[in-house]
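You will see chain A twice below: alongside chain B first, and alongside chain C after that.
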Partner chain A sequence: MEFSTILGAWVAAFLTIGIFSYLYKDNPFYKAAEHLFVGVSAGYLLSLGFWTQLQPNLFGRLFPAKHYDPDTITYTIYNVLSFFSSSIFPEGGIDKGHDQHLTYLIPLALGVMMLLSLIPRFSWMARWGIAYVVGMAAGLKAYGYLNSNVLGQIKGTAVNLLDFSLPVFSLSSPSIFNNIIIFVGTICGLLYFYFSKEHKGLLGKASKIGIYFLMISFGASFGFAVMGRISLLIGRFTDLIKYSGSEYNYATFWVLFIIVGALGYAAYKEEDRGVIAPIDNLGSSTEEE
Partner chain B sequence: MDKIENIFLKIGSVDRRWIFIVIAVVVIIPLLVPIGLPIRATDTSKSVYDAIEALPKGSNVLLSIEYSPSTKPENHPMTISIMRHLFRNDQKVYVTCLWPDGQFMAQDALKQVAEGEFNKTYGEDYVLLGYRPGGEAVVKGIVSNIRKLFSVDAKQTKVDDIPMMDGITNFKDFDFLFSASAGYPGTIEWVQYAADPTGVPMSSGVTSIQVNEVMPYVQSGQMVGVLAGMPGAAEYESLINQKGSATSGMDAQSVAHLVIVLFIVLGNISFFIERKRSRKY
Partner chain C sequence: MKDRNFWFVIASITVVFLVYWLLGHPYFVTERFIMLFSIVTLSATLLYYIRAAERGEEFYLRPIPALKAVEEAVGRSTEMGRPILYVPGIQDMDQVETVAGVVVLGHVAKMTARYETSLNVPVSRSIVMKAARESCREAYMVEGRPDMFNEDMVHYLTDDQFAYAAGVNGIMLREKPAACMYMGKFYAESLILAETGNSIGAIQIAGTASQAQIPFFVTACDYTLIGEEFFAASAYLSQKPELIGGVKGQDMIKLVVISVIVISAIIMTVYESTGIGFNIIKYLTIR
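Right, the complex of A and B next:
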């Protein structure tokens, strides 16, 4: 097995057990893993965003190779930029299959304006870029939400209660019983959120039924959340079991031994100094919450 | 009676670290010693299988990867199973990523399935178009003009030079979409900005936590079935008759659920006893 694969397994085992060590208490192993995750994620996202979008789709449209002419102002600027970074601005223009679109100077300007928020004197300029993003996102969201979540869902819940071609009762396929459940659940659930009239009498009863439907939904969400977390735990344990083999030089066991040993020693020293409660005090949970 | 109540009270006040240890043990043991509990496919998983099975040979299928290593145990087995099914039926697979880490996940799955198991040719049978930042704006871009957004693929090859990109200009040129999603941007954005406006059928494999959000789209017919979390992935593995990591994880999943239910019951009993006693005094 390659050295890099074994090293990767050791790093993965260390980071996994480091994160799990938080279940015991906050400690430097957890903090190191957490900080590494945040830093690497931010760096990776920035790098990937630049090389997959900004360089090919923005600079690639401003300085395309197919229109390269060193005598024009655009490409004179390009050659200056190329002098500083030939990887971003390679010689002869950026060849990503685009035509030249100088209108892309507008998003470039808006992007630069957003970065100016770092300079207090020019931070007001960032509002222009943010205003564009907010406006564009709001417009985009409004259509998609109305079409799919409002109209699509209304269509989905507009069921025929008296469709006698369906069986009277079936849990997993369309049936008259299921249609009644959809109808009652939708109406009562909506009535629960109707606050213009006091929830008394018929409205009160209907909204109470609505609460039960909502509770069932929350219960299902909780169940799925637990299932998801257990799945992730299984994933990590599967990897840890894999890394505990001889081909990875028993990475899991060694890392576990080092982390548990270090935390145990730290707890022993702290207990000795009277900083923390003894470890054997695990019988009581009163200090936890 | 008081003695029994005291036992329940003691269980109710146990340090949560003991619970973590118990959960860890009940997850590890079935992973080391598999029980082999049966897996039965639900209707929603069967719908996904039937929809893909019904596609004519050589259909253009867009596979969008929207997850990162953090949800790999749930989403990755689905992606691998879906790829196996698609390549077995000789479909053309176009892979895009709405999440930056998705590109690595896609590369990993393609290496295992397309190259390792089916010996497919890059650019003719499958292509990895890669990641583009922008969330729903990327989905809109694919719907209107995919070539404007993806002028090069993940290997920086011009899409004009990729044979299977001939005739692909927008979302309507695809016959089916499968989104392997772990959150935003993901399945919901594909429904809102791609599948609903164009009518191209789509399906999805989501993390467990997303199931409740996505299920209304399945019920209303806006989506064709859904693979729900690790059980959904395991069900799909059984449908294509090729067991994988999801199937082996289901024993641990089932046992852990039983133990969690037991903890919830014990916690509630302890809570009610405590409330009864506090009222008494």
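Right, the complex of A and C next:
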């Protein structure tokens, strides 16, 4: 096996056990794994975002190789940029299969405005970008939500309550009982979210039924998600078991031994200090009180 | 008929639409009429109640314990001399829950400015960081404490979901905030955050409309704003008439939806049992 693979296994075992060590308490191994995770992911995602979004989709549409003509103003600017960074702006335009769309100057301008927030005098410009994102998302999603969450819900609840072609009771297939449950559950659930009237009397009873429906669905969802998490945990353990083999030089065992040993030693020293400390501090005990 | 201007505009739009319809309604996608009708009805209902609230009409809002607990949590943090941790979710500003989270952050920031309590807002998206900073800055200005605001109170960690969760966990363990608030869009990291907050003994208030994550917050937090309660939070906290009018308008929309559900179910039952009537599902389907 290659050295780099074995090294990767050791690093993976160290980081996994380092993160698990948090179950004992906050410690240097957890801190190291956490900081590495946060720092590496931030850097990696920045790079990924630039090379998979910004460079091909923004610059690739402003300066496509398809329309390369060094005599135009656009490509004169491009060649200047290419002089500074030929990896981002390769010679002859960016070949990502796009046509030239100068409308992409608008997102470029909004992006530059976001960057201008670094200069206090122009930081207000960033609000334009935020306003665009929020406004665009609100308008775009209103239609979808109305269709799926409102009309879709109404359609799903508009059921035949006396459909005698169905069985009266069935847990896993359509039945009269299930239709009634859907109908009552939706209406009572909606009534729970009625804010402008006190939940008393009939409304109080209906909203109480509504919250029971919600809690039952949350319970089912909780159980389902816990099952998913267990499978993730099994995935990590499978890797740790794999790395505990001789081909990886018993990486899991060694790392476990080192981390548990170090934490045990630190705990022993801490306890030791804890016994001695009050004796040492006897003279200053009144100050602490 | 208190709002004459409103009814005048509605009547004018109806007349214009009728004329357009009678002229053969060119470019109109007839299959999507129900969507147009829904958008117009919902928007008009919301506008009507917002205008009513602005005119001075008062609307009752039932108490929500989790929202009362927000001020309690800020007070507790002040007494203990520990910071408040506010997590606005892990999604960008194109998610309505993140927007709601940033709006609620503004109200929390006002309280922390008033009580002189420190606030820590780790974020996972750059645009959310900018929006959250603006929200906090404005809150501290409004409360007359711009000196207390510093940009680092809202800081970026990483875009990665679990790396962000690990980072926030680390902050919780080291800073030991007295109150943790999770308001926004969450995924699998919700339980990791809420469990850690629980282990450090912080008072925890969560608010999200992510259906799969609400159970975790209900389990591990002291108070949880479920779905619509979270979106109504800013109206409760600010007590601004236009926002309260919006909540009242949404309530009326819910009543309309309930009525449509009941009528649709009756029509479907009669249609499928006796053959009398029509298939209403066909009219509710957008093509």
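Please note the rule applied: the second predicted complex is superposed on the first by the 267 of 289 C-alpha atoms of A that agree within 3 Å, B and C clash if a C-alpha of one lies under 4 Å from a C-alpha of the other, contacts with A are read in each partner's own complex, and residues count from 1 in each chain.
To be clear about the criterion, a contact is a pair of C-beta atoms (placed from the backbone, for glycine too) under 8 Å apart; a residue touches a chain by one contact, two chains touch by 3 or more.
Bear in mind that the values here come from a model prediction, so they are computed numbers and not experimental data.
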item: Chain B versus chain C as contact partner of A:3, first or second or both or neither; value: neither
item: Which superposed partner A:169 touches (first chain B, second chain C, both, neither); value: neither
item: A:83 touches, of chain B and chain C: first, second, both or neither?; value: neither
item: A:237 touches, of chain B and chain C: first, second, both or neither?; value: first
item: Partner chain(s) touched by A:227 [first = chain B, second = chain C, both, neither]; value: first
item: Which of chain B and chain C A:96 touches, first, second, both or neither; value: first
item: Touching partner for A:56 - first (chain B), second (chain C), both, neither; value: first
item: First, second, both or neither for A:155, with chain B first and chain C second; value: both
item: First (chain B), second (chain C), both or neither touched by A:186; value: second
item: Residues of chain A contacting chain B in one complex and chain C in the other; value: 44-45, 49, 136-137, 141, 147, 153, 155, 157, 221, 225
item: Interface residues, chain C side, partner chain A - complex; value: 34-35, 38-39, 42, 59-62, 64, 92-96, 99, 126-127, 130-131, 134, 156-160, 162-164, 166-167, 169-170, 173-174, 188, 191, 211-212, 214-216, 218-219, 226-229, 232, 247-248, 251, 254-255, 257-258, 260-262, 264-265, 267-269, 272-273, 280-281, 284-286
item: Chain B residues within the chain A interface of the complex; value: 13-18, 20, 23-24, 27-28, 31-32, 43, 70-74, 100-101, 103, 130-134, 136-137, 140, 149, 151-152, 156, 158-160, 189, 191-193, 196-197, 207-212, 216-217, 219-222, 228-231, 245, 248-249, 252-253, 256-257, 260
item: Chain A to chain C touching residues, read off their complex; value: 19, 22, 26, 30-31, 33-35, 37-42, 44-45, 49, 114, 117, 126-127, 129-130, 133-134, 136-138, 141-143, 146-147, 150-151, 153-155, 157-163, 183, 186-187, 190-191, 193-199, 214-215, 218-219, 221-222, 225, 229
item: Residue ranges of chain A in contact with chain B within the complex; value: 23-24, 44-45, 48-49, 52-53, 56-57, 60, 95-98, 136-137, 140-141, 144-145, 147-149, 152-153, 155-157, 172-173, 182, 217, 220-221, 224-228, 230-238, 241, 282-286, 288
